[in-house]
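Listed below are the structures to be examined.
Okay, so subunit A shows up in both of these, paired with subunit B first and subunit C after.
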Partner chain A sequence: MNTEKIITLENVVKRFKVGDGEFTALKDINLNFDKGEFAGLVGPSGSGKTTLLNIIGSLDSPTEGTATVMGKSISELSHKESALLRNHHIGFIFQVYNLLPVYTVYENVEFALLLQNHSAEERKKAVMDALDWVGIADMANKKPAKLSGGEGQRVAIARAMVKKPQILLADEPTANLDAENAHAILQTMKSLNKELDTTFLFSTHDEKVMKYMDRIIHLRDGSVEKDEIINSKSSSK
Partner chain B sequence: MKQAFKLAYRNLMGAGLRTWLNVSVLSFSFVVIVFYNGLIDGWNKQARRDTIEWETGNGHLVHKDFDAFDPFTILDGHGNISQIEDKNLSPVLVRQASIYPDGRMMTVALKGINPLQNALKLPTSKLDTACSEVPILIGQNMARSSGLNKGDIVLLQWKDKNGTFDAANAVVADVFKTTVPTVDGGQIYISIKKLWDLTGLQNEASFLIANDQYVNTQTDQWIYKDQDELLITLDNIIATERISGSILYILLMLIALLAIFDTQVLSIFRRQKEIGTYMALGMTKLQVIKLFTVEGLMYSIFAMLVGCIWGIPVLNYFARNGIPYPVENMDDFGISISEIMYPIYGFKLIIGTVIAVVISATIVSYLPARKIARMDAVDAIKGKLQ
Partner chain C sequence: MIKFLLKGIIRDKSRSILPIIITAIGVTLTVFLSGYMRGAMGDMIDLNARFETGHIKVMTQPYLKNKDQLPNDLALLEVSELIADLEKDFPEISWEKRIRFGGLVDAPDENGLTQGQGPAAGLAIDLFSKHSNEIGRMNLAPAIVNGTIPIRPGEALISEDFSQKINASVGDDVTFVGSTMNGSMAFQNFKVAGTVRFGSAAMDKGAIIIDITDAQNMLDMEDGAGEILGYFPNDVYDNNDATQIAETFNAKYIDSDDEFAPIMQSLKQQNGLASLLDYADVMSGMFVAIFVFAMSIVLWNTGLLGGLRRYQEYGIRLALGESKGHIYRMMISEAVLIGILGSILGSILGLAAAYALQVYGFDISEFAPQSNMLMPNVIRAKVTPDLFYIGFIPGVFAMVLGTALSGIGIYKRETATLFKELEV
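Moving on to the complex of A and B:
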């Protein structure tokens, strides 16, 4: 079970059109992730972290090579299939939270479940559980504008986790948080990782984040510079 | 679809003031359209009823040479009615005549009519009085333009069948009030027997008015014109009013729809990040387009509800109490118009308006929403398009 590869990247290249020319943001990336990993993509700004997360999250597709997520090749998915994959199996956490401003905390978290076919009671239970995980159940009826940064990011985590996805992608989730909040949030994610066996993949250039990681992949100029296993899950289990 | 409605509802409620502005504009146009159409329908109904009661009856049997719209046909456009004796027909003989109120001359159409007729509402029984002067009946418009009042005496001059002028004093037996200008201005009513005596045109008539029991007895000499044929002018004027009315509410609708369109275009630009987030959370572009379209559709549904809340009492009030319609000169309208108009709101009219508003609001929301299909999810999430 531990050797099951949930994400496989083979010779992934991503080029963007820039003016008349092209810019290569990812150069021949080869990476595998096991189910339940807690890994970080680390590198300076512009090294391709976000681009890589977007491809794994099926929001974008590689120019060359294959990205296989849960047995499905990203570039071969139809628009509808990739939406379905995201809806059921992939949770996103963004640097700026991207909460839906007109919805309450509760409604933001409920959103992903509304797209699936759950009964109202099922939804309610799942949403309240998720809010409990991140410790903001008492803010269910607040609007995002009334929340602090730490609270906002917790809502984003609850929203990503409520559907119990296989994979959680977090793009610089602590960039806008103070140290205390950053630690609290990472602890929450770590416990969810253990509890639900969700594969976590972060992008960050935050030192604080790195020490929570079981594995750190260093990116530079679109290439993998170093892939270090710090705390092998397979051996610890 | 249910989830699209649920989400659209949340979005509109969340948008607050912007939503209610659009909804107000749309509900206003909705109510005005229903009101204006109701007003014209009410006018149409009143005008038809009054014109039938005062002028057309159940149709006219018209002498083949007589044309009500051509004064030159008055002289010879008449014939003997002995052959077509029918208790359901009431003869009218039209002659040209002059009156001299205050010494000035006025040319009038002198209409001989049976005082006992019951086909029209004209109070002709008032002509059935014996006095030394000739009793005549005039309408309020005629009274105003001639300066004559009830009981006034005026010199009446006419030509007999040989073309010889003759004159006598006439007394205004009554002034009637009607909403139908075509039986009033420039016309004087007199007992037909009296007119036969004055002109020597015994048993002659220009046309005969049919009552409800009449069945067509058209001959070579006498041509039957039914209600619909006689009401053609009225129908045309109502149709014209309807068209000028529709220009008004097409404009209103355009303004309301433009407000929605504008909101949509702006939304799609401003809500990119939200759109990107929807996609990241697993919505397809089609679902997002549907959501935005349903938001627009929901504006129109809210507008209906809001329109009902304030529109029903307002429209009801006008339907019950009518709308005072100050008519300076009834002749300007050419057809019957009453001083108080009662709008009639047909079920068909309301349903039709609802459907039109809902469909157009939906289309207007869909058009800009199509742009979402070309959006790139990654760019949208960052909110950095254009």
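Moving on to the complex of A and C:
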């Protein structure tokens, strides 16, 4: 079992200004995530799931406490360093697939690698591998508008996985999919998790998604209500 | 990445078509108006040089001070000797004597009674010398409406409009009435060899052209001339050379006690052409400045609209790890590509329009029938090598400036709200 900690949250507090006052979205969060975990953040709206994903994804920084991702303290990163961290180590999957409509499936997936200055040959191999992983290599030349919901989300997964990130953050990735497609997508993610040892961290309140998790962290009003280990691979609190 | 951007520009018409059209319109106007200014100013300078100012002109100093009055009593004398000196000092220049004079031209009927008369602006040029290029320089052959160019002394050309006014036809005798250099009355009969139209209201109103020797005899100006005009090889004006030659010549006479000492002026120093040329330069600069300013504002606005439309795309790119600076630089790169495409299109259209105006011209004679200014009746543009790039640089600059202003918003974008923004 791999126990390398790649995400560490210590006494993380996040407050937002609301009018003249403040709203506390996260209250004293202490969590660790190991490499290769398949974990879910669950809880009702406003419980702090997305705020936590934002901080782990270096899109935001904590008001208090320390969030360390891939050995880097999020609060101390400049905007450019945050972008670099996301570019090389973190993949994102959104509730809506958010593909670039004027580009083909191949080009959408390739975009993440263009930012890393890979050669054309390297990019081609990596993109075709990623499309293979998610089972849509034959749709490489299609435009996003021609894809079904499930296919669109597979492209989004391929785009997130093509750079082989250590962490993949997914915000309600199956919210817009029917049960069959949601199952297929989660199976794909699960197999990628095993194959590439990528840490998957979901935000969801979908019961169907929770069934696939090795670890479920229940959030309520910005605090960890329960940290539930389902499968022994996920460990650290 | 450039290939990636190009694909986006080509496939997403709304990203490229409007900015390209705006840039192309601006560049077209800049190129066309610059070509028009060059043509109009070039023709005006050329017309002035050929008919009035030369590229450089020698006069006596008092003649210069009163030249609007055509003061032949202050004309140059012993011009053969002066021209010999000029040819020796400035051998590349072609020197021509001219006398400008005013008077009345009377056209009698078969009984010797006046059938028409009118004030005439006379010009005496060297029509018969073998070395003279005055006939070609003044485009006399193409300007002939009826008759021929004078081939012997005692013959004259008159402008076609003037001939109709005084009822004189080719072959008729007309009488010039004026004053000699010494102030006495001058009468001289001329046979009308031909009528001409120069395409300039100032010249076509009442011109009479005779040979310089006839004028010297008529006006008692033996070996005299009101002006000596100098022309550069191929009749192409060079202001720097003209200024230098004039300074060199004038330096010889700076300490002269002779009140009739000659003085030389360049084309630009005469007829207010300096201010006209400066005005043309300012106008050209203003076209470009107004174009850049207006286009930048329009493209800024277009960029803001594009930024709103591509809000989601920029959000995805930020989430994927592209830095704000990189996105901004890519926006500028796109703007450069779009600016280049729009500028190429605009340059082609502008050059085509300028070329059409150069070939076909635009007749303005109806707008200035009584003009005394020596300017052509048909305005033509001139396609010069600089037109190929004069709109190009401002076109790209305006596009980049507009995008640079609109793109600043990318730096204000909060990444913390990306998840929420990209949910919709």
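Before moving on, here are some points about what is shown:
Convention: the second predicted complex is superposed on the first by the 232 of 237 C-alpha atoms of A that agree within 3 Å, B and C clash if a C-alpha of one lies under 4 Å from a C-alpha of the other, contacts with A are read in each partner's own complex, and residues count from 1 in each chain.
Rule of thumb we're sticking to: a contact is a pair of C-beta atoms (placed from the backbone, for glycine too) under 8 Å apart; a residue touches a chain by one contact, two chains touch by 3 or more.
Every value quoted in this text rests on a predicted model; they were computed, and no experiment measured them.
Taken together through their common subunit A, the two structures put subunit B and subunit C in a clash.
In the superposition on chain A, A:L53 contacts subunit C only, with no contact to subunit B. The larger set of touched subunit A residues comes from C, when the choice is between subunit B and subunit C.
The contact surfaces that subunit B and subunit C form on subunit A in the two complexes overlap at residues 54, 57, 59-60, 79-80, 83-88, 92, 94, 98, 100, 102-103, 107, 111-112, 114-115, 159.
Every residue of subunit A that touches subunit B in the complex is listed here, in rising order: 54, 57, 59-60, 79-80, 83-88, 92, 94, 98, 100-103, 107, 111-112, 114-115, 159. Touching subunit A in their complex are the following residues of subunit C: 1, 4, 7-8, 11-12, 15, 312-313, 315-326, 415-416, 418-420, 422-424. Across the complex, subunit A meets subunit C through its residues 50, 53-54, 57, 59-60, 79-80, 82-88, 90, 92, 94-96, 98, 100, 102-103, 107, 110-112, 114-115, 159, 171-172.
Put simply, subunit B touches subunit A in their complex at residues 3, 6-7, 10-11, 13-15, 273-274, 276-277, 279-287, 377-378, 381.
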